[in-house]
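First chain A sits with chain B, and in the next complex the same chain sits with chain C.
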Partner chain A sequence: MTTPLVEDTSGLKSGQTLLEVDNLIMRYKTKQGYVSAVEDVSFVLHKGEALGLVGESGCGKTSIALSLLRLQADNGEIMGGSIKLGGKDLVPISEEEMRTHRWNDISMVFQGAMNSWNPVYRVGDQIKEALDLHWPTRLSRAEVRERIGELFALVGLPADAQDRYPHEFSGGMRQRAVIAMALSCNPQVIIADEPTTALDVIVQDQILKELKRIQDDLDMSIIYISHDIAVIAEVTDRMAVMYAGKMVEFGDTADIFSAPRHPYAWLLLSSTPSIVGPRRQLAPLEGEPPNLLDPPTGCRFNPRCPFATDQCRVEEPPLADIGGGHMVACWNYEDVPVGITAGGVA
Partner chain B sequence: MLRFIGVRLVQMSLLFLVFLTLLFFLLQAQPGDFSRQFLDPNIPAENRDLIAARFGLDQPLWRQYLTYMGNILQGDLGVSFARYPRSVVSVISERLPRTFFLFTFATMLSYYLGFMLGKVLAWRRGGSQEMGITLGGVILYTVFYPWFALVMIWFFAAYLDLVPVNQFLTPIRWREAPFSANTVFASIIWSTLLLTVGLGLSLWASRKPDNLAQQRLIRWGGVGLSFALFLAFWLPSDRRTFATDIAHHAVLPIFTLALVAFAGVMLITRGSMLETLKEDYILTARAKGLAPKTIRDRHAARNALLPVTTSFVLGLAFIIGGGLITETVFSWPGMGELLLVSVQNQDIPVAIGSLAMVGALALIAHIVVDVLYVFLDPRIRYQ
Partner chain C sequence: MTTEAHVEVKNLEKRYPVQKSVFRSAKDFIHAVDGVNFSIAPGESLGLVGESGCGKTTTGRMLVKLLEATSGQVLLKTDGEVVDIANITDKDDLKSFRSDVQMIFQDPFESMNPRRTVYDTIAEPLTVQRIGTVPERETKVAELLNLVGLTPAESFMFRFPHELSGGQRQRVAIARALIVDPTFVVADEPTSMLDVSIRISVMDLMLKLAERLDVSYLYITHDLAVARYMCDRIAVMYLGKIVELAPTEDLLANPMHPYTKALLSAVPVPDPSYKRPPVEIKGGISKSINPQPRCRFYDRCPMAREDICGPQDHPPLEEKAPDHWVACYLVDKQSA
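Up next, the complex of A and B:
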């Protein structure tokens, strides 16, 4: 091979803006009203960067991921904002045009990727389907086999595994094959939604390390989604904390880990077993995310927040830069203790 | 695979033996005996006994049973009482192709249409069109079939006068015919069978080559060639007008049977398709950027086919029962009609013979579906 296995098709240099999401609003229409699953979310993904989205289950992480591909459920509607990929807004384009961007430019490793395979087709044929559709030239059968074999080698699978059916794979193998499929068409962005949640811890760790290695080697741009803040810490450069459809904190992963400024991020971190030290439960995170049919007024976190004041119950805090690109949406972020979280003190 | 088919065949043969045994004793247990039905009541008793002895009817039951089984296994089904001295095998071999034709055509038609419509219904869920068709399906599915068949005859044959009323052919046209209806019918069956095989082969072979142009060439070339050969056989043939006569008579019974069976297939496909559409791999297929039609057909419908195939085995009894009713209502001289008349007449050898044939057909259909299933679902590997 003279050309690299996974080619850069963006034409960008490392660190340049690749994906720019601005004020994205996506809501699900239900009989009881609108579920505001993605509310005014903005972020930028740079070339070669790993960006994390973290938050409890039901906070709208999957909804964001699906919106980027415009694959939200039938009752979901993008009601505002823009998704610019290489400067081009994907929100207003036709469904047909959108199809040419799916997988080709943005591919996805789904939550529960174990079931991402159609049981009646060989794994290789399902990857071939994407290549047949998106590859700029028409590949012969032999060329397709060769490419899939190389992709499989990259994720640690034998080349002849492409002739097998999904049920003949273990969970970990299926997940590796999904990653190979996500890489197959040289996407500019890969979204990995809880890519290892369904796997046992050891396999989970192997696959995370492998993904990280691939991302570094190939200078890939990845959006990582997990409810597990430890996973995000391990693999991302920058991260966003999501709560109830809103982004409440954004910044360098290292910064947020050493000094989370939003009470929710702080509680999330301190109630997670530390990667570097023993678990120290300082303030437990009680309750559950709100029902997004009727979110709390003011700050959406206020009913669960130990620092909440009257202002928080009425007025919604904006996501504001507190220095060095670290953004927080909280009126009282200065009350949040620094350096005594489980993850922070080491 | 071959071993699996072998094992299945052995199982089915054993089942068939049990079935034959049951048949024998069930029909023996029927009230009345053949002498009352077929012999002049005035003949002397000793003559009657003599005749009974010639048929072996004076033997004890177990001897009769052993003879019966021995003969059946040698392919000898005895002679018909009602059509004495014609052998049961010759009666059945005249009738069986007609039933096979009716049944196969109606089944293929109903499964094809039912599957196509069912998947589209599920894909375009919601809307009054879908409601209407589903409701129509439910009505067809639950309708009292003999009544429905009569309505079809009244409407299409009597009222619209599109097709002939009942029967297998128009007798007047055949009076001068230089060949029998059975020979013509045999050519119909063989030619359509070969046509089907030709079409199937072209579609299968068209997937092999790598580029689209070649695929298209093989597909349409094969289809064209198959039809050309079919027409080349029939157009110059002097049997053509006679064949059209039979075909003309076959249209309504096939259509009616297909319509009723179709509704069930459509409803099952719709339900199974709705389940499939919720699967994760459908989301994957959409994320890959596949066209909606590809997702519907290649990913959703292909998986929805599995429960539909299973339903074929379960619905077999329904289709066979429907077939018997169809033949009776349309006076289609096939196995169903033969069976009904022979049971009424106490023509026990023919009744046994036709039931045995229906049973054998059902068992064969079972095996065919089992084998089909292995091809359709890679998760199933028979050991």
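Up next, the complex of A and C:
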């Protein structure tokens, strides 16, 4: 690329801390009480890194993402913790000030956004809206066209596609345009919430490769949210496993896949089928996730955990470093068998 | 028809007219399913995989008579007799067909009436077919709830769908399909809406039931890893045609059709150290409206040869290696 699309305003180099989330608590207020959707979650995102959040539906993946942008639903409330972007805490600032960070620093590819284009407006005009709202200066019509052309080139779409309507796009093209919109204001972080879930595998492969290339070219950080463990294995450097609003395991993706230490992470990986390697018997995970209005005492996973002891039912395990930045929240992680490879137990 | 086949599909076709005007008869047709052949042995599970729009659901629906085929035959073996399902029109025959062949739908959130209890939902096939008395039906429903692992049965029987989780609903859907003791079940993406952890228990349940009740499945899915877990053989569909059909492990280890190769290399692998081969496929969309009389994959095929594939119609599905059927001119026949 001849003209750099992203000016590195933060002055950060690859590997330096970009986003620091500390003890974040976000709860939804309902008639029955508070639903603890994000409970005491901490992590650090480095510049140029891809971080994955995995877990089952309702485990709080998307709630974390929305909290980072302060876009949680009206009944959602950040009740504690901090979200530091380049050292500045985003939790206490005013909505007006937050708006200057949204899209310019952190943007998001929303789940299902590819099916949310307004059918009666041209795709380019819809991306223009994001630029009008968030671009620091007022852009002329010609500048907007040029900018969208640049963005489309970046995601592999022809520049003149901006004059077309959403129905003229295939699913893959619509998702590319959504990514272009997320990139429009040179964010430092993109949150991609299930970016390929609705796509066929061949298109999914193309989109994931495109995101990886953009991440490398622009030295950008991406937070991937997915229920598809295989996708997370392929695209992320580090990952967090979520269960019932809690982060139960965090570390290098390669480390977690080679030896998951939390019983839930272990079972989750063991229940993922694969087309590569020997066909294995997969381990089912019995039971249902807990009701977050009234989560179980002690460890939230204890009712379903094959390794649970009396301590687990009373005392909540902290997320503790077990060496090399591999964090696990489990009292009995040493009981979890090692030597599971993805694809299931042998 | 071979004696051992339970279901045999011959040249099955479904065309949808593309109506340009209300007053003109249609000239253009979408070839949704375009001459499909396969057979399923008793107790066998055949996987039908392919991308969205390739015709896999249409095929499944024709097999259960939810859609009428434009042409072709579906032969079903019941009580030692082979019948063409197109000839089943008589009300009583249709009833016995419906108890022989059942379908499990994709979405457990949409395929259930929210105002009816689990008992109503599961017992509905019995009510419609006037099988048994009410106490008998209750016993049968309880038996099935136990079978699909919704225990204790009494506590689930009178719940409503909104009181159930996704996995529980899909178990109810499976129980409803099995209550009439079918011998053949078409399962259309029965686990794609479920979380991974629940998915395995539903898949295990279906495998266990197949073994115990000797049910044959047509298992429709877009997920090859799921197909591998569930199916004895896999048929790969592309644009209304089966392009490859082989025993599961043989297909995965030794794909022959260029489309199957591309599809397999695009599936993400849950192992960060594994490097997938590049996905070799050309861009663009192949049209299913009045397709040209040549290989449906021609425009996207990385191997396509103008001199060989260009002038010929879509290649026939041929046995290129023992039990391994491929529709491609460029794949040589291997000796056994």
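Descriptive notes on the structure:
The working rule: the second predicted complex is superposed on the first by the 325 of 346 C-alpha atoms of A that agree within 3 Å, B and C clash if a C-alpha of one lies under 4 Å from a C-alpha of the other, contacts with A are read in each partner's own complex, and residues count from 1 in each chain.
Quick note on the criterion: contacts are C-beta pairs under 8 Å (C-beta built on N, C-alpha and C of every residue); 3 or more make two chains touch, one makes a residue touch a chain.
This structure is a prediction, so every number in the text was calculated from the model and none was measured.
The superposed arrangement places chain B and chain C next to each other on chain A without a clash. Within the superposed three-chain model, A:Glu129 lies in touch with chain B and out of touch with chain C [touch as defined at top]. The superposed model places chain B and chain C at 80 degrees from each other around the C-alpha centre of chain A, with the value given to the nearest 10. Set against each other, chain B and chain C touch different numbers of residues in chain A, with C touching more. Of the two partner chains placed by the overlay, only chain C lies in contact with A:Val201; chain B stays clear of it. Contacts of A:Arg141 after superposition on the shared chain: chain B is touched, whereas chain C is not. When the shared chain is aligned, chain B comes close enough to touch A:Tyr165, but chain C does not. Using the contact criterion defined above for the overlaid structures, shared-chain residue A:Thr62 touches neither chain B nor chain C, since it reaches no partner.
Contact with chain B, but none with chain C, is seen for A:Trp117 once the two complexes are overlaid on the shared chain.
Once both structures are fitted on chain A, no C-alpha atom of chain B lies closer than 10 Å to one of chain C. Only residues 51-52, 165, 167, 195-201, 203-204, 222, 224-226, 228-229, 249, 252, 262-264, 266-274, 276, 279, 281, 285 of chain C touch chain A when the two sit together in their complex. The touching residues of chain A, when paired with chain B in their complex, are 69, 71, 99-104, 107-108, 110, 112-113, 115-120, 129-130, 133-134, 138, 140-141, 165, 167.
On the chain B side of its complex with chain A, the touching residues are 210-211, 279-281, 283-291, 299, 302-303, 376-379.
Note for the complex: chain A touches chain C at residues 56-57, 170, 200-202, 204-206, 208, 227-231, 233-234, 253-254, 257-258, 267-269, 271-277, 279, 282-286, 288, 341-343.
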